[in-house]
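Following are the structures in question.
Each of the next two complexes has subunit A plus one more chain, namely subunit B in the first and subunit C in the second.
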Partner chain A sequence: MTMRAWIMRRVLVAAGCLFAAMVSGNAQSAIQTPALYTRWTNYTPANGFPAGEVFCVTVDGGRVWAGTTHGLVMLEDGLVKKVFTQKDGLAGRAVMSVAVDPENGDVWVGTFGGLSRYSGGKFTNYTNMTSGLANDLVYGVAVQGQNVWVATGAGVNRLDTRTGSWSIFNETNAPFAEPWGYGISVSKEKIYFAVWGGGVLSYDLAKQTWKPFNDPDGEMELVLYRNQGLIHNIVSSVSYNESTKTFWASTYFGLSGYDGRNWHNYLTKDSGLASNFINAVHSRGDEVWASTQGGLSELDTRTNTWVSYRRDAKTGHGEILVTHADGSKERIATQTSVAHTYILNTDFQGDDIWVATAQGLSHGMRAVNKEHGK
Partner chain B sequence: MKTRSGVAIMLLTVCGALAACANAQMSGAQSSTVQPFGPSSVTEGKAMPYANMPPAAAPYAGFKKPYQEWYVEPNSLEYDGAARSEPDGDLATLTAINLGFLGPLDAENEDSLYGIPMLHGAQLAVDDGNSNGGYKGKPFALKVHDDLPLWGASSMAIVDMRFQDQAWAMIGSVDSSSTHIELRATLKLEMPIMDTATNDPTVTETAIPWLMHNFPDDRQQGYALADYIFLQRKLKRIGILQVNNRYGRAGKEVFADTARRIGHQPVVEVWYAASTKDFSSQLHTLEASRIDGLVIWGNAAQAGLVLKQMRSLGMQEPVFGSSRICYPDVVKIAGAAAEGLVTVSATDPTRSDPRWQTFRQRYMDRFHAEPDAYAAYAYDGTTMLMAAINKAGLNRGRIMDALREYEMKGYVGVGGNAYFDYTLNNIAPVTFAEIRDGKFVYWPEQRTDWKVTRAAYTR
Partner chain C sequence: MRHIRDELLRRWGWKLVSVCSVAVASLLLGARAQSRNSAPIPYASIATEGESYAGPGRDTINDLTGSVINIGLLVPLHGVEKPEGDAMVSAAEMALQDAGGNVLPRGRRVVLDIQDESGPSWGIVSDTVIHLILDDDAVAVITSTSGVDTHLTEQVGNRMGVPVLTLSADSTTTQIDIPWIFRMGASDVAEARAIAQGIYRDKGLKTVLLITEQDHDGRRGIEAMDQAAGELGVGPPDGVALDPLSMDFQPVMRRIQAVSPQAVVIWTGAETARRLLHALKRARVKEPYFLSQQAAQTGSGMTSTTEGGPSVPEVWTVAAGGEDTVVRQRFAMRYRQATGIFPSAVAAETYDAVAVTVRAVHIAGANRARVRDVLVGVQNFNGASGRISFDHEGNDRAALHLVRMTEVKE
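Moving on to the complex of A and B:
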């Protein structure tokens, strides 16, 4: 074989390998696309839902609770059953968070006006003036055993529902860089807090000790390294995933995940994240759902695939953007879509997703996607 | 771009003129590289570093280019929410166009020293707005809320403004904690905030698009003081004395960080409680540290006591201070001991431009007191807010859009020449003041050509 023929053969073999890899890559990424939500039902004033922003959504078996600018909405069997307002006894008009006690069905409601407990058809309210509540701006609430944890504008509260005693945690007795509580996530062993300007704090229930997770570069205006640690200290919510032993933190400057060993950080420039401004995060199984101001984004951690959902404001149709692990993108149009592209919160009812948006509540159902194998 | 260039040229011209006037007044050593200071895009024609920070003052400047830099590009404040599509307010049902006001007003609150002039400035602006027809014939009205000193006590103010007062926007506050709490709440409530009084630079570093800030912040003050002290006065061993509250703690940070990054780590930092009258303990610590200059981040009354006690102990080191020290109280309390004190000032009240002089006279006529920077910036901020409402109508999303049109643009007001960056923060040059013969003498900030040194390798 001459030298020229040898070189030509090597070039052809290399080109063949490259082509095969490309084909294989495309085929693989197609297979690895997560199941998509292609069917959406929206709740707006047209079907009895209050106008304006929906701040939170919580699934409670067959019920769905939604916190809005105009009160607390209860849905049953896909219908708006009741809108609770201050006239019904709710502590505040704007509802930021809802948690349901699995033991007794009590509904705990965080409002801009205090904390409400809905039990036996009645509201009991807790405010800064009438209880040990640290502040009347209540952003987050969660139930852990007999305790209710509350994230407020001036620290975090723990209410022991058996004894009625309140504890307060802030910069005076815990490592809060700032006392502005925002979100809470409960695991079997720890409680995680999203602290606005103060990163993430975890509280070990057995040891009763605190551990802070802060932005290691220490600066508001930059991210020094991609996976440096928590991406930014302005944390809007946190979600602990028991199955992957990872907590995810949403910030207004990207998404952070910590699996106990490594950090996994994402910005729009290095992923399929719809926006760096993230209002909330929810993780379950292999999925991480980011409620961003530019759409709803899902990260499938098993395949490193991103799926983002937006609404075309002109047509009302949906747009799904799939970003595969190799960076390739697919754009899929859907007839229906989320109610608005600005997303504030999510929760799940089996495989269905409920989405709080800036203009209504959305209920998403998965497509049976034969092409994608799910 | 034409508009931007026009504003830039105008700003450069103004800065140059102010600097020329000031050269005659400047005291102390001046480097030959000291230049009139304006946003660098004006002179360099390229992207501006965040907050127009000197290259050597940037974190990790000599070490590594960050993976991501925020606030340096258009649309740094994203907003895809639904506020713009909310129904407009029904003018026919309104008797007034309400603006919320949050400021420290109770005489027991030491910050009322700033809050009361702030309210007066806003009231004067509203009067002027109404003299010009209000909004489509309906008068503007302030819905005033007192900002209480207890943490979180005023947190419900913005909720009340939004739902009870039916305010279209709000002004406030002085206290950075209160402002942060309002800021967090407004992300949910979607009501524009014009912050005319806090020094805290982090209020515009949250990516929340609902706040505009026109008061010269501690970041600009810190850069200016570091330049003046280390590069122009050539001092090396600086001590810091700060009041132990959020203003003192957060305020001195940029100065201390900048000092360290340019190779002049402060040799000692001590604090005092806001109620302190006897500073002997702090002064002995400072003296033992062999400082050659002292920076105070606190209020005028306490700075006056510090100066008096310092000089009586024989400590003759030059003293520098933050803008809250630039008040007559410091001279009243310290007397001759205040001579030579150099502070940053948020405005120059001795300037002769007709806009300021007219405002000053009208303010004195109505409130029987000299207006200060808090009055001036409240007047400017409220005026901008009313103009935004007149332009956008009764829709909070569009009002914020109208305010965002100031990104990378200037505003000439009674407070001076403001220039807003992509975060809607005023990054215009600050003013210096020195006490000479018992009076403040003012000059505009000058800035040296800072070089990145090895000291800038770390944070």
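Moving on to the complex of A and C:
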């Protein structure tokens, strides 16, 4: 081979590699943006929704339940159908959590005033004084088979709905560093609990054993190593994802995920997370949704892309910030937005998302399905 | 080429190997020494990356309505902690009067919404907190030295957006990036540091017995003392945890016989401390006692002033430093005139908690979020407990030192 031929061959190979890299890069960037929610409908006092914070939202088929400072709201077909208050029999005014029993449609409502069961058009209440409920500060509720699990300010309750018997789990009979239950997530084999000051606890249903997950550095004010373990012991909520076999925990100082082998921790400084102060987390498929005080953030674990949604307080328009895996950022403006940037909770209705914010409930629709698909 | 390489290896080979070995050994030793001497740099810290409150509530539409603006005061009014509650109420009423709580625009006035926290924390107190925040619309809530009740209030305050000012020493209430909590006194970690320095460093004592109660505050006390001892390079103190219901001091006496401590740290409630001090003195335990601030409250039978009689053996507690200002002197004099007793740290801190809250209402109006914003900015406030400045976590940054206590004259 002559020197010229050798050089030509090298140049061609290099050009080929460059082209392949560019094509691959384009293809990669094309798949690295998850579907975006660009159209929002908001529920505020202007359309019959109670004022103030919306603490939780739970989708129940075509129905949506929202827990607010001023009662429990039932929406049907995109309309506020009814606002249940203490006058209707609700245990407390402020509603922190809602769970629906898939077997019979009963709605379990956690309030600051006890636990309520809405069944057959009537409320039945369970309080510290009238039942085995550990405490009237009910932060979380979940249904697992015939059992209702309740996270309270004084431990976790299990109510067997068939026998009516109550069990209580706290620092005396389970590895609770503190008894303050905050959130619950149910999987087929385990129940996961978010514990304020006590990290995450899992309860194995078959073995009836507990396993704690705590911040390993033992320091409340710092995180020693990034993926050290649970990022902080004050856990505001937990969400188990069956498809990825990972539980995600939101804290007031970062987001943690554990896949059974490795921890995946995120703070704003090295991710697209909107804020380190996270009120709740919800994971499904490849998605992890963090409800933060600085906006609604989605992590697409497949592509390591972050999408955060905020509202411009002055214009009311929306801003979507996409943070790609390589750190590059992309801003997209939308005409509508979430009701407020301070996000408290989320749930899904098919591809649609429902978002509880500090000033109203928001219903988000994907760009492809609802806008371009028209 | 090969013969040149072979020649070089023959001439310089052993020398090269020796030089390289020394260099590698030096590098390894240096790296080891460095790793031993320098602590790892944390990945993240709340001190630098914590966040301020970014939520809503500051608009006038969120202002509290009505002619009366409530400041919630969650205090023990029955049981063994009643002296603490009484002290808080007396000081709070005095502060409200002094701070001009009845001279707000449009004839509005600030009042104290006093609620009893004497019941079980998990039952009645939770409902009381809800009542204060949801039914009475308290603009802020002041809590006692109870760490459990403070946590309960803090958790509700965080959800509902209500400032909480606490006298609790529990460090974990403020180490969590929650923007609604403010501590009027020392944290248990700061208290433990002051006590540990006094015992180990200043007095040169080595064997220490820590007496706590089997509850949340007791657990925090053990953690704080262990940490403080560790920071001074000594092992954790020996410990005994009492059942607060039984008041059986036999385990303490047995432990004292076994350990022969040179100093006894009492990290309990005031009533337990009073009974314990009495029992220890009867048993002729002559080593000095060191009381946490909660243990040293009015009910302990001790006072941190020179008003009382001499105490043998020595009894010490921690107090905020700073000059004896006119505000402190005036408060102490008036409090004594009103109640007949000298004010404890709890009384002074309650006075200041009400004072800074009323001042915040004067500045911000009847709005919880705006009141919070004003509290965040409190710096160098000249209070009855000393000068108050809140740090990024909401802790009062006052320095602590040990003060000798005297016995309250019956």
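Some points to look at:
Methods note: the second predicted complex is superposed on the first by the 339 of 374 C-alpha atoms of A that agree within 3 Å, B and C clash if a C-alpha of one lies under 4 Å from a C-alpha of the other, contacts with A are read in each partner's own complex, and residues count from 1 in each chain.
Here is the rule we use: contacts are C-beta pairs under 8 Å (C-beta built on N, C-alpha and C of every residue); 3 or more make two chains touch, one makes a residue touch a chain.
What you see is a predicted model, and the numbers here were worked out from it, not measured in a lab.
For the composite obtained by superposing both complexes on subunit A, the positions of subunit B and subunit C are in clash. By the touch criterion defined above, A:Tyr252 reaches both subunit B and subunit C. Once chain A of one complex is fitted onto chain A of the other, the partner contacts of A:Arg226 extend to both subunit B and subunit C.
Of the two partner chains, subunit C is the only one that A:Met129 touches; subunit B does not reach it.
With both structures placed on the common chain, the touch criterion links A:Asp160 to neither subunit B nor subunit C.
When both complexes are overlaid on chain A, the residue A:Glu76 reaches neither subunit B nor subunit C. Residues 53, 55, 92-94, 96, 112-113, 128, 134-137, 153-154, 178-180, 196-197, 219-226, 228, 234, 252-254, 267, 269, 275-277, 293-294, 340-342, 358-359 of subunit A lie in contact with subunit B in one complex and with subunit C in the other. In the complex of the two chains, the subunit B residues touching subunit A come out as 50-51, 59-60, 64, 66-71, 78-83, 85-86, 151-152, 155-156, 159, 163, 180-181, 184-185, 188-190, 202, 205-208, 459. For subunit A in complex with subunit C, the residues that touch the partner chain are 53, 55, 69, 92-94, 96, 112-113, 128-129, 134-137, 153-154, 178-180, 196-197, 219-226, 228, 232, 234, 252-254, 267-269, 275-277, 293-294, 340-342, 358-359.
For subunit C in complex with subunit A, the residues that touch the partner chain are 40, 42-47, 49-51, 53-57, 121-123, 126-127, 129-130, 134, 151-152, 155-156, 159-161, 171-172, 175-178, 216, 393.
Listed in rising order, the residues of subunit A touching subunit B in the complex are 52-53, 55, 92-94, 96, 112-113, 128, 134-137, 139, 152-154, 178-180, 182, 196-197, 217-226, 228, 234, 252-254, 267, 269, 275-277, 293-294, 340-342, 358-359.
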